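Shared between the two complexes below is chain A, which pairs with chain B and chain C, respectively.
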Partner chain A sequence: MARMKFICDAERCIECNGCVTACKNEHEVPWGVNRRRVVTMNDGVPGERSISVACMHCSDAPCMAVCPVDCFYKTDEGVVLHDKDLCIGCGYCFYACPFGAPQFPQAGAFGLRGKMDKCTYCSGGPEENNSAEEFRKYGRNRLAEGKLPACAEMCSTKALLAGDAEVITKIYKTRVVTRGKGEEIWGWSMAYGGSGKLADQPGGRA
Partner chain B sequence: MMLTRKTEGRAERANPLARAMSALSAKTVDRRTFLKGSGLTAGAAAFASQLPLGFVGEATAATAAGTGKMERKRTVCTHCSVGCAVDAYVQDGVWVRQEPVFDSPLNLGAHCAKGASVREHGMTEHSHRLKTPMKLVDGKYRKISWEQAINEIGDKLLALRKESGPDSVFWIGSSKFSNEQAYMYRKFVSMFGTNNMDHQARICHSTTVAGVANTWGYGAMTNSYNDLQNSKAIFFIGSNAAEAHPVSMLHALHAKETGAKMIVVDPRYTRTASKADQFIRMRSGGDIPMLFGMLYHIFKNGWEDQKYINDRVFGMEKVREDIMKKWTPDKVFEACGVPEAEVYKAAETMAKNRPSTVVWCMGQTQHSIGNAMVRASCILQLALGNVGRSGGGTNIYRGHDNVQGATDVGPNPDSLPGYYGLVAGSWKHWCRVWGVEYDWMKSRFVSQAMMEKPGMTLSRWIDGVTEKNELIDQDSNLRAIVYWGHAPNSQTRGLDMKVAMEKVDLMLIVDPYPSASAVMPDRKDGVYLLPAATQFETSGSCTASNRSIQWREKVVEPLFESKPDHTIMYAFAKKFGFEKEFVKNIKLVKDKQGWDEPVIEDITREFNRGLWTIGMTGQSPERLKAHMRNMDAFDAKTLRCTKSVVDKETGYDMNGDFFGLPWPCYGNAQLKHPGSPNLYDNSKHVMDGGGNFRANFGIAREGVSLLAEDGSHSMGADITTGYPEFDHVLLKKLGWWSELTEEEAKEAEGKNWKTDLSGGIQRVVMKNHGCHPFGNAKARAVVWNFPDPIPQHREPIYSNRPDLVAKYPTHEDKKAFWRLPTLYKTAQQKAITDKVHEKYPIVLTSGRLVEYEGGGEETRSNPWLAELQQDNFVEINPKDAEARGIKYWDYVWVSSPTGARIKVRALVTQRVGEGVSWIPFHFAGWWQGKDLLEKYPDGAAPIVRGESVNTATTYGYDSVTMMQETKTTLCQIERA
Partner chain C sequence: MNARKLTTMAAAVAAAAALAGCTELSQESARSYMGKEDAKAYAGDQFKGDKQKWEQSLATRAASQNEYLRTQAAK
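Right, the complex of A and B next:
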């Protein structure tokens, strides 16, 4: 079974926000909710680098660990999803997540939050695949259509890679080797932990 | 910094999911471990219905059913010149999904923020489009019918034409027209009787087009974005491709990863610069010292390509002498602020990593000496022998999606389609193509003299309104202004523009959005807004920057009451009484409301019959459509189809074609010229897309031949020396005349390669003899017909350095330049005398944001984009900010020598150097601190409004093309 991951190649990301609007377009995410955003470090000075960040679909996801109603679940493909029918909008996951992935649509009176919304890796939620109900709550389900997430598919420089960890690790690794640099900024180890050696990576072979 | 600049509490409702989605092809796999049917879930569902907050959208029962067939329509993003293909999925006439086109050799499925959001154009709920014709009545926009609009506007224009002559109306066209619409607009305005028309290219690459065409033949990008992959060094000067042409970086970064060196020269540390091996911070406007400083080292070290220069370049010796004398490293440092070591390093990188390419954009073109700056770039490439080589060339990135096409065939004040100019012979050529009598055409103008006199320019129409009548070079001042698909806030001198807009009798705005034109003037009446359809609501061809032509299918029917531009043109032609002449060779069909719509393919076929100069004759609609259907046949590096691939629908075999038949694609479609991926490439046969420099400037100058040296010619040419362009006389002399068919010979008699409508001359010369119809000559390093034949540095009109103005003063004033008096020295000297640089000590320059396009009305109305940039801002260096007590994101006033004051946020950043500021140019809708929201028609104001930088920009125009000087002026900044 494939293990779906994202990785963003900081040597290629040009902060064009194509991934951000691809996501908005595909899922019709409302104003104010950003399932994906581009973060820039050293903005405007030498060493400036950008990376596109969304839910990283962690191997050991802290959001899952802290959720008081246990609304998170993980698919066979390693995608971390949640059930909005269960979510109580408490926001614990927001504090637990190191990537700022969980989003809360409305901040009402008395700090009331709406139901959490986050990147689904374009694979919907617990409802029937590609049903209207699934779309209403979670957006489109591209994986069920045999497609990869819209953000990565449309990335302007192919910086954002999505797919089976084994495949995208190889692509990324080839680039790092060709360039002779790049991993130190936002390599696999930075994104998902571990030694960063190919052999130690998900599905990696030395 | 540019995370998401979100303002609290202004959450707009998202477009609810009115159009939904039934599964495309559901390859459904149950991958989930989650058990859905638990009682817990069912219980929570009821609770959720009372709390809809967490849902992305609301699907209605009707759309959820999704009964209609899903259709794929292939189109092209309308936001820049890269030409990214888009697959639109349409159900029940509604654009429901957008998918990337991985097969496109240009973008391989990639999109920037704009491209990834184009589906928003098809959404009708909460749309900010202009929905119906509108008329300004007592200061408020009121809805009117199309019939009333065409009649009232038509009557007014006809009355003005009668009273003050056809030259009293200025027609601004669009660079977002398709080729067909741009071509028809040129014809339309010509038939109205004036050359007073222009479009975006004036203020984007007019200096490039003039400067580059005068150097070697055609004023276009020589190679392609894809060809960057073959470059060993890439030199960006005045181009921030990462924001302006993001998808081009796909190719540039690929090149970099395989070893190409990347250099960025810019006053700002741009996002492109952050990817470079070497970033050079240059003084704004210092391009010529920088480029010639590099050439100094190239010549000094003998790095130039001597054989290439000898064989293919005229005048390099003179340029060399000038450079060695004037641009020693100390002078270079003084004028552009770049130390010798940096300049040397860049020169060495470019020389030792050939083929190397130069990329430029608005940073180089928008100056009062832009024509000279671009030629300096050309000279650098000629000295290095890089032009006409794969991986080399001058990769000039155009802006709008079809600004290249509109320049080639559209509303240019100084030329008929195809750069034919305006002389009598050119008019006769086009009258023949259009099927109208030359004498009738002439009768539409005031006189033959006015018919052959270039019109005013987009950058200066405001002076055509307000200048004293005795000083302008036409009878009447301008009395009406038509903004047909163009934003006003992209032109300089906003304060003067407002005055001009208030003075004209009539303003007509034809656009999918009201645009800032609708709200800038304080008028009570005399303004009409007509809703135009976008390019997703019609079909037609568009030319990407690399000259590849792509065909857009119509995605959806025109939304609201909008009409495609060519339909609106025809309606006015009818009102003006020249509809028969307008569409002599073009069939009409009725649209759904019964309007006559000229058939797009017939328009393409008509211009195919006339555009011999630039080889837009071979791109028949059938060939273009076949390419769009079979994109996977073309290689992403070479753009070529190298095997037999037959289009199922037409049976057309694309073998040998380059994608989109990049012009020149000579001869008629039957000749099957493959298009030219890299211009002037003599390593290839002309029938393989090869070529050489154009013989367009005579055959000798001061006793020196201008033709290429012996042995320098395109591969396989029968003539192995330089030769002039072909006409019937030369063909006969060479004994090739008999190779024409009888019919061709009849048509070609007395004609040349540009006017022979049979295409016979081109066929015989190219196919039978491997020669180039436009001759084989040298490129000109010295352009003797320009104000500075050898490019000279001249300080901008508003310079921060009086000492440099004394050394490098601007040109003398011009009296009748594009029909208007134009100030140079007077304006520059006045600025020095008034000590403007002391009151306004900060250099002001402007540029692009990735989220928005051009004047920005369209993109600022798209919520997916608007959310990402919600305020206009000025980039200011921390030292300058500190000296003024300005903190990050404070509101500040930016004031300019025109007296304008604009209110923007302060983005304190080292991206700009000390004493330099930068403002993006996409904003409008505020006027000197005031939000103009109430002036927009109801529901049609863009989501994000802001102050336009061009409200504050100053006077200054290129000495050849009237390009506006936006990239170097002065300002002062203070806390608001």
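Right, the complex of A and C next:
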């Protein structure tokens, strides 16, 4: 079976946060927990770029390596999941993760840290597929329904791609070859025509 | 031990050391999972264990993310 991965195409992401909303809605993620978020670099400056970030389901996941209770496992499709019944909410995985994927809900009146929550690639967790218990702990299991993660399927510009690594890298490669590469493919000139140079665009720096 | 033997041994050690960098380490975690067993994604009511059908469903959805293919098909 394939290795499931995400790719976010920074040239297409328009920072609409549709992926974040789709994820929150699909899994009824509690307040304060964001399994996915959009990060923008050089915000407000012509040439800014945004990417959608969540658990990247690493091939050699550091969270798995540091977990003191060994609650992580990897599915045949390469999706990194964890057992919430085993998690003690220590936060080691948060420190180990380079993407800030592990999230911790506040579990009590005194800021007590709850069990870790993260992107499941919409494939639930170690409970019966599509059961109420699975939904309560891990969210919806779209993969068991033959569907891809909600964030990618909801993405309006198809900036966020999900699926077999081999398939989505081919899609990304086709895009890059078709559209070309460089500053001219961003923003004003792409939308309204005219000079492709950032310096010639409204608000552009010389 | 003559000089030739020494040179051969040194070359063998150097070759072994250099080739050690080419080793591909296993990406499987050395740690063992202590939690509950998870069911396969295709084991539910919808696919009833038919892995091929499930993979086909995912492949169709993954391919539909390529709008270049979709627009060409529409022409």
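Just so we're on the same page, the second predicted complex is superposed on the first by the 175 of 206 C-alpha atoms of A that agree within 3 Å, B and C clash if a C-alpha of one lies under 4 Å from a C-alpha of the other, contacts with A are read in each partner's own complex, and residues count from 1 in each chain.
In this text, contacts are C-beta pairs under 8 Å (C-beta built on N, C-alpha and C of every residue); 3 or more make two chains touch, one makes a residue touch a chain.
All values derive from a computational prediction rather than experimental measurement.
In the superposition on chain A, A:Leu86 contacts both chain B and chain C. Contact with both chain B and chain C is seen for A:Lys74 once the two complexes are overlaid on the shared chain.
Contact with chain C, but none with chain B, is seen for A:Ala162 once the two complexes are overlaid on the shared chain. In the overlay built on the shared chain, the residue A:His27 is in contact with chain B alone; chain C does not reach it. Once the two complexes are overlaid on the shared chain, A:Ala65 sits against chain C while remaining clear of chain B. Note on chain A: of its two partners chain C and chain B, the one contacting more of its residues is B. When the two complexes are overlaid on their common chain A, residue A:Thr178 makes contact with chain B and with chain C alike.
In the superposition on chain A, contact of A:Pro126 is made with both chain B and chain C.
With both structures placed on the common chain, the touch criterion links A:Leu148 to chain C but leaves chain B unconnected. Annotation: chain A residues 73-77, 81, 83, 85-86, 123, 126-127, 129-130, 143-147, 153, 158, 175, 178 touch chain B in one complex and chain C in the other.
On the chain C side of its complex with chain A, the touching residues are 27, 29, 31-47, 51, 53-55, 57-59, 61-63, 65-68.
Contacts from chain A toward chain B in the complex involve residues 11-12, 14-22, 24-34, 37-40, 43-50, 73-77, 81, 83-87, 89, 105-106, 108, 113-117, 123, 126-127, 129-130, 132-133, 135-140, 143-147, 150, 153-158, 175, 178-179.
Residues of chain B that touch chain A in their complex: 1-4, 6, 11-17, 20-34, 36, 40-41, 44-45, 47-48, 51, 53-59, 63-64, 66, 97-100, 102, 108-117, 119-120, 242-243, 246-247, 249-250, 253, 257-258, 269, 271-272, 274-275, 279, 850-851, 863-865, 867-868, 875, 909-911. The part of chain A that touches chain C in the complex is made up of residues 1-2, 59-61, 64-65, 67, 69-77, 81-83, 85-86, 123-130, 141, 143-148, 152-153, 158, 161-164, 167-168, 170-171, 174-175, 178.
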